[in-house]
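Presented sequentially are two complexes of chain A, the first with chain B as partner and the second with chain C.
Coming up: the complex of A and B.
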């Protein structure tokens, strides 16, 4: 075996230029597929993280009830079944947020701007306190006053608001009546406008007063899980236990689960009693994004397949030439007692060596390219949803990388098999004469 | 003996208080009935009953940030069927946009996308301080109860100043304050308050026109009391009560008329 490997390596280095070209083609294939896979996996993770952060969880529970006039109102009160579910699954839940939300108009002087406002329990939302980047003031100051608010930077600049000033927020109650809240600006936060999800944060009790809800009610319950991939399983558990809202024809129920629904403005598709729940997971909104990523993966697989075909043709032709060139050498080896399988193994080892070498070089180049690209900061707002803090990230799945290596090596071996077999089958006398 | 006298005195005092309260509430109810009658008259006169109504509206919106914008709208109303259609004629970039109300449905039509989208009477009209409901009949007596009223003066007019609270949560503003002339029951001014009882908008109706059996404002001014310097003025002209063809109140008409 050692002789076989030694001979194969020597043969590879004998024709350095040709070997480099072959290995280069293989490396290029490995580079492309690794880059694409790393990019799509990294992008998926970033989108999932950005969405979870922006929406405030992995599992989203919202409640709706119908008023006497037939309006659907978003609201969750204390519920034993919900509480039991949360306690049962407490080991898997990293954090719970209970929020109210409204889309209002922030008014300051003669300026006004539409803005999403979340009513949160700052004491209970440790994740929010640690994840929000405060650019001026502090969240502690917001926590001190019931009517205090943290405004996104961009909104503050648009309105010309300074810390300590008072803004008005014009909004609708859950049943659609006009209302106005007076908020004291105590903090400015980095917004997620680039993610299309800019939000202001106020105290839930005060926001509830403005929405005409009891102070301890809330509109959405969001769960961050330790394992994001357990979201669907947990959502199914909740669906099994809680009374669910009848599915509407227009998909409003799904939107309401994420806090996008036109709360208080909907007409019920069919009436129900008490509070009905809508449960969704981050995967529900990831589906279309995953479909796009799947298309990208398929495309890169197509490119990889084309490169493999080129590699197959290249290796087959090259090895046929190699056999032609080394006919006398093969004859000599055979005359000296080398068996046919050994001759075949030498050629196959040479192909395997080329495949592995090209693969390793391709992987190395891909890792290098990933390192360089992931250090670049991208300011383009439209791309931020796919980035982690303004940077591309790449994620390699070891099993997939190994699979690509295996495919490359197999293709190299398969391409070299027929030339190797014809070399092994050469009669020694004919080969010594240089005839095939 | 002393205890008995005290007991009798307490009973008499209690009876007097109950009687006094009863008399007061009876007087209040009587007074409110008078104002209620006025409000019903206001509501009745703001509708066109069995007839139709058409007018040309000039909407001038003043916004310190955006400047002054003028919108010209052709309005068609058929109150008996809860229908109205509004076609925007100016500015040129918005020409072709329109509103259509049929019963409980209100659609906005945008010719650039050729699509109708659902909207609500509570929404603002074309980014102005007017709401879509400002172009329909009033229903103060049905939707509100009178909580208090006084007599006062507004300019040269003797008025009733009436405080109203919403009877249900379907109305846009939970509290209203009306200035109604004592002489001819015309609403001159309305202050609209939020649920937190903060003044949000003031509506002024400086002049009226008699159109058929109805009386409607010839001019309306809406002042945003939250955003400084924001106001909208609406002037009615070319008012008519001639019958309007049925097809005007259809989606097809809005699509067709804009081609």
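Coming up: the complex of A and C.
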């Protein structure tokens, strides 16, 4: 085996330029697939993180009750079963947020605009305080006044409102009455208006007052988990214990849970007693995004497949040429006592070495490119949702990288197999040109 | 005792629709430790006979016996093992492996097949051969860094490294000047005497033929007279 490897490795370096070209093609393939995969995986994580922060959790629990007049009211008061579930899973829960939310109209002077408003407990929501990018004012200023509000940049620009000014928000209470609240603008924050993820943040107690809810009540309970991938399992556990609102009833439950739907009041065709819950996870909302990423992955696989075809053609032709060039050498080795399989192994080892070398170089280049790109700050607002703090991030899954290595090596071996076999099958007398 | 025997060997090459007889009914015996020269003009069948003794070609008719074993009917794997264990080859164009240095080229046949000596014995044997062919100062050189004579010395050491019973050399001096060619045949003769290895070589250089113990003259694929 030592002889095979030594001869193979040295033969690769015999024609440096040719080997470099081949290895370069392999490296390019590895570079492209690694970059694409790293990018899509990183983007997926960023989107998931950004969504989690925007929505305030990984698992979302919303509660609905039916009033005497038949209206569906979103609210959660103290519930033994929910409390027990939270205590049971406390080791897996990193933090809990309790929010109220409404879709109202923000009015400033003669201008007005529809806006999602979250009522939050700023003291309890450390994640919100650390993840929201404040462009003017401060969240501390918001926390000081019960009626203070942080408005998204896009809304502020539409309304022409400045820090320290007052806006009115027109909304419906949970029981359907019109109400108006006065808010003091204390901060502007970045948002993802392009993706419909724009939200204003006010104090929950004040928002509850406007919604006609008790000040310690809330409409959604959101859980941040230590392990994001445990979200579905935990959601299932909650679904097993809590009474659920019938699926598909009067609008999109998931959308409601995420705050996109009509949260305040809905009509229910079949009334129920007591509170009913809707449980969703970040993965539910990630599904369409993951589908897009899957398409990107497939595209990168397509590019990889095209590159593999180029590599196959390149290696097969090159090895056919190599066999022709080394015909006499093959004859010599056979005459000296080398068995056919050993001749074949030498050529296959050369191909495997080229594949591994090209793969390692490609991976190295990809890591270098990722390092450079991940240090660049991107200011484009439309891209922020895909970035982590304004930067692209790349994530490599070791198993996937190993799989790509295996595919590359296999393709190199398969491409070189027929030339290697024809080399091994050469009769010594023919390979030696008819004489010793 | 004969180590090589050819019995009524014929070899016919098919060139398109034409059959070209290269060897026509050659029978001969070569004894252990002999230093034999096969001579004759170009096209007389020297190389063809060496190829058949070397088990890299097969006769169209007749039998070739190596150490009493008939090579007809042996499979490729068996012929390869026979070549590795019993035969050594010295090529006209040296045929060294270009990516290996002198020592690695000499050692190369030892790395094929099952080990035939332990590492200590191998080391001593390689040192002896390198010394015997006078290349101890060049063991790390690649073939491209050697002269023709030096390359053929490497080839001689390589041919002997597995301690074969027979060494075959097809015009080993053809690509060398006469002085170097003379020294190469002298080296072969020396190794023949020291190791009692049978050497069979082809040549049409009369000065080299004169050094052989026995001469097999060929003409038109037939032995002209048995010495």
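Here is the rule we go by: the second predicted complex is superposed on the first by the 344 of 436 C-alpha atoms of A that agree within 3 Å, B and C clash if a C-alpha of one lies under 4 Å from a C-alpha of the other, contacts with A are read in each partner's own complex, and residues count from 1 in each chain.
Following the convention adopted for this analysis, a contact is a pair of C-beta atoms (placed from the backbone, for glycine too) under 8 Å apart; a residue touches a chain by one contact, two chains touch by 3 or more.
Just so you know, these numbers come straight off a predicted model, no measurement behind them.
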| After superposition on the shared chain, which partner residues are touched by A:316: those of chain B (first), chain C (second), both, or neither? | neither
| Who does A:69 touch here: chain B (first), chain C (second), both, or neither? | first
| said: Is A:177 touching anything from chain B or chain C once the two structures are fitted on A? First, second, both or neither. | reply: first
| Given the touch rule stated above, what does A:337 touch, chain B (first), chain C (second), both, or neither? | second
| With the two structures laid over each other on chain A, which partner does A:113 touch: chain B (first), chain C (second), both, or neither? | neither
| said: Considering only the contact definition stated at the top, list the common interface residues of chain A for chain B and chain C. | reply: none
| chain B to chain A touching residues, read off their complex | 63-65, 120, 122, 166, 168-174, 192, 194-196, 198, 200, 226-230
| field | chain C partner contacts - residues on chain A that touch it in the complex | value | 2-3, 6-7, 10-11, 13-14, 328-329, 331-340, 342, 427-429, 432, 434-436
| Touch list for chain C against partner chain A, complex | 47, 50-51, 54, 56-57, 76-77, 80-81, 83-85, 89-93, 95, 97-100, 104, 108-109, 111-113, 158, 162, 168-170
| remark: In the complex, chain A touches chain B at residues 67, 69, 107, 109-112, 168, 170, 172-173, 175-182, 209-210, 212, 265
